[in-house]
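In what comes next, chain A is part of two complexes: it sits with chain B in the first one and with chain C in the second one.
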Partner chain A sequence: MKHRTFLWFILPTLSAMILFIALPIVSVFIQSLFVQHEQVLVVSESCGPFGCSSTTSIDAEATAQLRAEQPLGKFNGFGTYTNRAHLAFAEVGDAWRNRDGLGDFLDELMDLPFYKALIFTLTYTFVVTPIVLILGLAIAVGVNTLPRVTKGPAIFVSLLPFLVTPLVGSLILFWMVDGDGIIGATLQILFNDPSLSVKASTPLMWTMLMVYGVWHTLPFSFIVFYAGLQTVPQDTLEAARVDGANKWETMLHVVVPHLMPLVTFVTLMLLMDNFRVLEPIVSFSAQGHAQSLSYYIFNDLREAGNPLYSSAGATSMMTILGVVILLTPVLIRTWRDFNQRAH
Partner chain B sequence: MKLKTLGLGVAIAGVMGTAALAQNCGPDGQSIRILGSDFPAIQAVSGTAQANCGAGAGDFTVTLRDNTRDIMNQALTPNPAEYTSVIVANSTLTQLMNDDLVRPLNDLVEKYGQDLKPNQLITIDGNVMAVAFMANSQHLFSRTDILEQAGVEGIPSTVDEIVAAAEKIRAAGIMEYPITMNMKVGWNMGEVFNLFYFAHGGELFKPGSAEPNVNNEAGVAALNSIKALLEYTHPDHLTQASNETQAVWEAGQAALGIMWGSRGGAVLDDEGSTAEVTENTVLSAAPTAGGGAIPAATLWWDGVTIAKNVSDEEAEATFAALMTAMTSDMVAENNDKAIWLIDGFEPGAAAAGVAATAAGGAKPYPMIPYAGLMHNALGAELADFYQGDESAEDALADVEAAYRTAAKEEGFLQ
Partner chain C sequence: MASKSESRMTPLKLLSLGLVVLWLFLAAFPFVWTFWGSFKVQGDFFSKADWTNALFGVFTTRETGGAFTANGYYGAWVQESFWYNFWNTGVVVFFTVTISLTFGTLGGYALARSGFRYAFWILMAALVFRAMPHITLVSGYLLPFFEWNIWGIKPTTIIVLVAINQPFTLWMLHSFFLNIPKDLDESAMVDGCTRFQAFRHVIVPVMWPGVITTGLFSFLLAYNDFAVTSMLLSGENETIIPAIASFLGTTQIEGNVMFAVAAVVMTTAPLFILILFFQRHIVSGLTAGAVKG
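Moving on to the complex of A and B:
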């Protein structure tokens, strides 16, 4: 295709991407560099049903004037990125200098909200992604060998978790692991410990969130691999069989290499999805035990009453950076494969 | 024919006129849009206003939902605002005033507020910013039958007495976890700290400044009081808020509860529970702590505000409609749904807890612009202490550090 034609061809998509993806990211980045003006406060008498007291309030007029002069707020540079709520340079430095062994340093790190969220998010991503990849492939191969009559129902059942809205799905699991729920009560009987509570233990809560993550995203990798399996060349399979390869060897040397582009694709999607885990944490009320980067952004915007825009913006930018870092190895690999094929 | 139509028209206008006179609904044909939280008292106020003035208004919508505080600022920011009135509480009025989104009501109160009592007016620097209609606070719920069975005399009134009673109930093998309280991580967990911190005589900020002031003796004492109670709550307590604790109570699984007064009516009614629970539930003042006299509670009011970014006519019509609902007639019809601040309220059993807590000298929830930031920091950073991962001092130091970071970003600290 000529460059000119290509440009015209891609122009609508490109402009939509700039408008709806690139510009908002630039805007979030700019907002993350600013903080609010110094508030003009006034102390005055305030009265209500429970008596009178002196109360501080914001001088609305003075604040409005400040805002009109500088609508973005006060320039803070990367101050928000390095403060305690984010990369916490000062606190991490202190913790490192005063450390009492590596474990102590990690404890201090886990005490800082951003690192706490980052560590959970990374753990979640690196546990859920490989499990979903391998299990998805296994189920796809399993379903593919089923007789024709049972294939349809099997596919339908395997897809079910994907049809349930994440919030609802996790809420159902949340009720099931309650002390009075079917899973929670069964665990108590199994371990003979009536005070066993999944919701009260950090390791169990992390496990539950990851089990939920696997359950919910499994159908996606299953259906992609199942579709891929339909295109495995029968000649090669037969040739392998004639050469004396057993089922396992055929799988490893014929099927998996054939599916490699799909594995790359599913890995990319899963990494991106898992890195922004949010809904299960909300539904499980797991905030006390596990926070993800997305939950941290959500918290800044919702829980504080008057939203902390620059804090949320800074976390968003670092989340995007995290996704880019995670995806880079996979993208480099794809690029290499592409070049090899081209030559 | 024409004369007849005219006559009919005059007659209708006359009827409508008298209706409008009986219910002074302000300017006709305006759009009235009310936003509020979804609970019985607000349903009663907004529903009555709609019934009185819905016919004469251009349109009259009432939106009641959960978590209104998450959307109210965004909804009132554009001009014209999405809603003409938001029904708020102490903390959410501050949240709206921080962004200058509600208007002073002095002239409207003068014109339509003849039936209001002076203590219903929330005035800041002489400006009426909201009109309160109900009060609320946390307080103690007790099951007298279980206390009696365990050999506890009377209703406990201090944290130590509650802990002792809970121990007796546990020792008697009646319940393993007799206490229930709203400890869900986030807003609820932060609020529980406020209750006990105020009971221990603490102040959230250094006087006259936005500097945090929780990492001190009173703060540690408050955390220890809470920890003592948590020994006897279900291990899932960090996931339990009002809906869960009410369910636990109604299922008969707790004997001592620190819950909201606004849940009292729902607990005592004949829905969702057994007679055994409802007949033996007694509502009393929130407990005192550490030998002090102040009940561990914060006093709240709920009231109406009028948006700034709407036309004066819409504002007037909305205020007038809401005033028609704040009457003794409405209270007579909905007496047990709230602790009404309006004339004609007859306190029943469901109101006993809040009344005793207020009489005991509990503190109102602070209406300070940066209180929300402190509340958020408390709700996020104390979980480590309750889970036993951190000392009280370290957790409180984390709270102050988290608050400072947020307050700098919002321009309250430099």
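Moving on to the complex of A and C:
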């Protein structure tokens, strides 16, 4: 295809991506370098019979004007990145010097909002992803042995949790585990503890969010692996059986290696999707116990009437950096494959 | 031909069958439960004392006279004017899907037919863009949109959703067009068509299966989106998902949780119908990316 024709074909999609994905990243970066103007203070001196006193008051009009003229605020360099709400170098340094063991240091880190969000996001991603991979494969193998007529309905039912709107899906679960809901009430009876409540306990809340994560993404890995199982060469299976391999050995040495490319693909997709977890935290009103990076940004932007652009910007930039780090192995591999194909 | 060892019930087989049954139960039960409960009153839906109340509707019978009530639906639909949010969602989703498919087919076709190195780089960039958490992009939109006074209206949200949709659409349609033989459009060009005419008359008639599959996923992305729609739409343009999120806070206080439950069921219904009719497309779409790598 000629360069010129290519350009015309690609132009609409490329301009959409540049305008609304690439440029916003630049815009986020610029925002993160500025902070909002402080309020303009006026010192007025009033003199009375007992001498003069000066009062400081906020000049609302001048503040509004200044903010309207320079909506970005004033230049702050990387100040926002290092302040207490983000990387908190000073606080982390302090905590490290005064630590009593690693656990204590981690406790201190959990008091810093950015680290709290980062730790939750990473825990969520690296707990949910492997569980979903393994269970997905197990269920795919199970469904594969079902009689033909039941396969279709089984896949239909499995698709529901995956395709349902995340906010809605997590709400449905939340209502069930509510203290008065069916699961919540049952748990209270089982553990004989009427005050047991997901909403009041951090470990329970984390568990619940991850259970939701598994429930929501399991169908994806299941469907992909199930499709992969249909392409396992029958000859190889037959040969393995003739050579005396049992079911388990066949699974481990024939089926799993055949599915390996799919495992890479599913892992990549799961990592990307789990890393951006936001909706369940909104639905579960979990912000008191668990915040993800996405929720931290969301919350900054939600700040009623006065969004914290610089704080949101700094968190966003670091989140994007995290995504790129997460993707690097895949990108390097694709690059190698491409070069091999080119030669 | 099933050999004897395959049809025999081994413990391993039983275990995996049990796992499947358990999973299917876990996948379906929350939906069935919520659907059933949406026709009850709150006292039954959250029946702490006796969970069978939710099945038989003891409080519902006491309060409304029948075992089923549509009060939740009436409240959500009429009292909270939920129909209006549905209309907004319809508009936003329709335009997002149409525009992103148009852009995506053109771009995906070009990428599939160009052997130059920059085509690869565009696909790589698209992969990275696909991984961006949407909320990070939203924090870049807000300030400029406020400044240009285009915040809160539907067209802005539509074009943003189109852009966010593009990386995925491009990858999907690119791999789909790779499967259409090159000879098809190239022979048309030998016969004197321009590249665009070849695309219009030869490729367009055969591309619909791929476009429908991609369209389903564009639909899901636009319909399910929360991060973009909740931040970029003003109150009167709100779509259903942010509307549910925002009336969650108010209904909880007023004791109208059943309105939210009804709204949730109504939001899930279109998705249910979608899976019912397009299950095969969805499954093939999910695996398309995997097979191509």
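By definition in this document, the second predicted complex is superposed on the first by the 271 of 343 C-alpha atoms of A that agree within 3 Å, B and C clash if a C-alpha of one lies under 4 Å from a C-alpha of the other, contacts with A are read in each partner's own complex, and residues count from 1 in each chain.
Throughout what follows, a residue touches a chain if its C-beta (ideal position, glycine included) is under 8 Å from a C-beta of that chain, and two chains touch if they have at least 3 such contacts.
These numbers were taken from a predicted model, which means no experiment stands behind them.
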item	value
Which of chain B and chain C A:98 touches, first, second, both or neither	neither
Touched partner set for A:84, first chain B, second chain C, both or neither	first
Touching partner for A:207 - first (chain B), second (chain C), both, neither	neither
First, second, both or neither for A:178, with chain B first and chain C second	both
Chain B versus chain C as contact partner of A:70, first or second or both or neither	neither
Superposed model, chain A: greater residue contact from chain B or chain C	C
Partner chain(s) touched by A:215 [first = chain B, second = chain C, both, neither]	second
Chain B and chain C footprints on chain A, overlapping residues	178-179, 307
Footprint of chain A on chain C - complex, ascending	5, 10, 12-13, 16-17, 19-20, 23-24, 26-28, 30-31, 33-34, 45-48, 51, 54, 102-104, 106-107, 109-111, 113-116, 119-120, 122, 124-144, 146-147, 159-160, 162-164, 166-167, 169-170, 195-196, 199, 220, 223-224, 226-227, 231, 241, 244-245, 248, 257, 260-261, 264, 267-268, 271-272, 274-276, 279, 282-283, 286-287, 289-291, 293
In the complex with chain B, residue positions of chain A that touch it	35-39, 41-51, 53, 55-58, 60, 63-64, 73-74, 80, 83-85, 91, 111, 113, 178-179, 194-195, 197, 199-200, 202, 284-289, 299, 302-308, 310-311
Chain B residues touching chain A - in the complex, by the definition given at the top	69-70, 73, 90-92, 94-95, 97-100, 119-126, 132, 135, 176, 184-187, 189, 208, 210, 234-239, 299, 301, 341, 358, 364, 366-369, 372-373, 375-376, 379-380, 383-384, 386-387, 390, 394, 398, 401-402, 404-406, 408-412, 414
Chain C partner contacts - residues on chain A that touch it in the complex	1-3, 5-6, 8-10, 12-14, 16-17, 19-28, 31, 71-72, 135, 138-139, 141-143, 145-146, 152, 154-161, 163-168, 171-173, 175-176, 178-182, 185-186, 215, 218-220, 223-224, 227-228, 241, 247-248, 261-262, 265-266, 269, 272, 275-276, 278-279, 282-283, 293-294, 297-298, 300-301, 307, 309, 312-313, 316-317, 319-320, 323-324, 326-327, 330-331, 334-335, 337-338
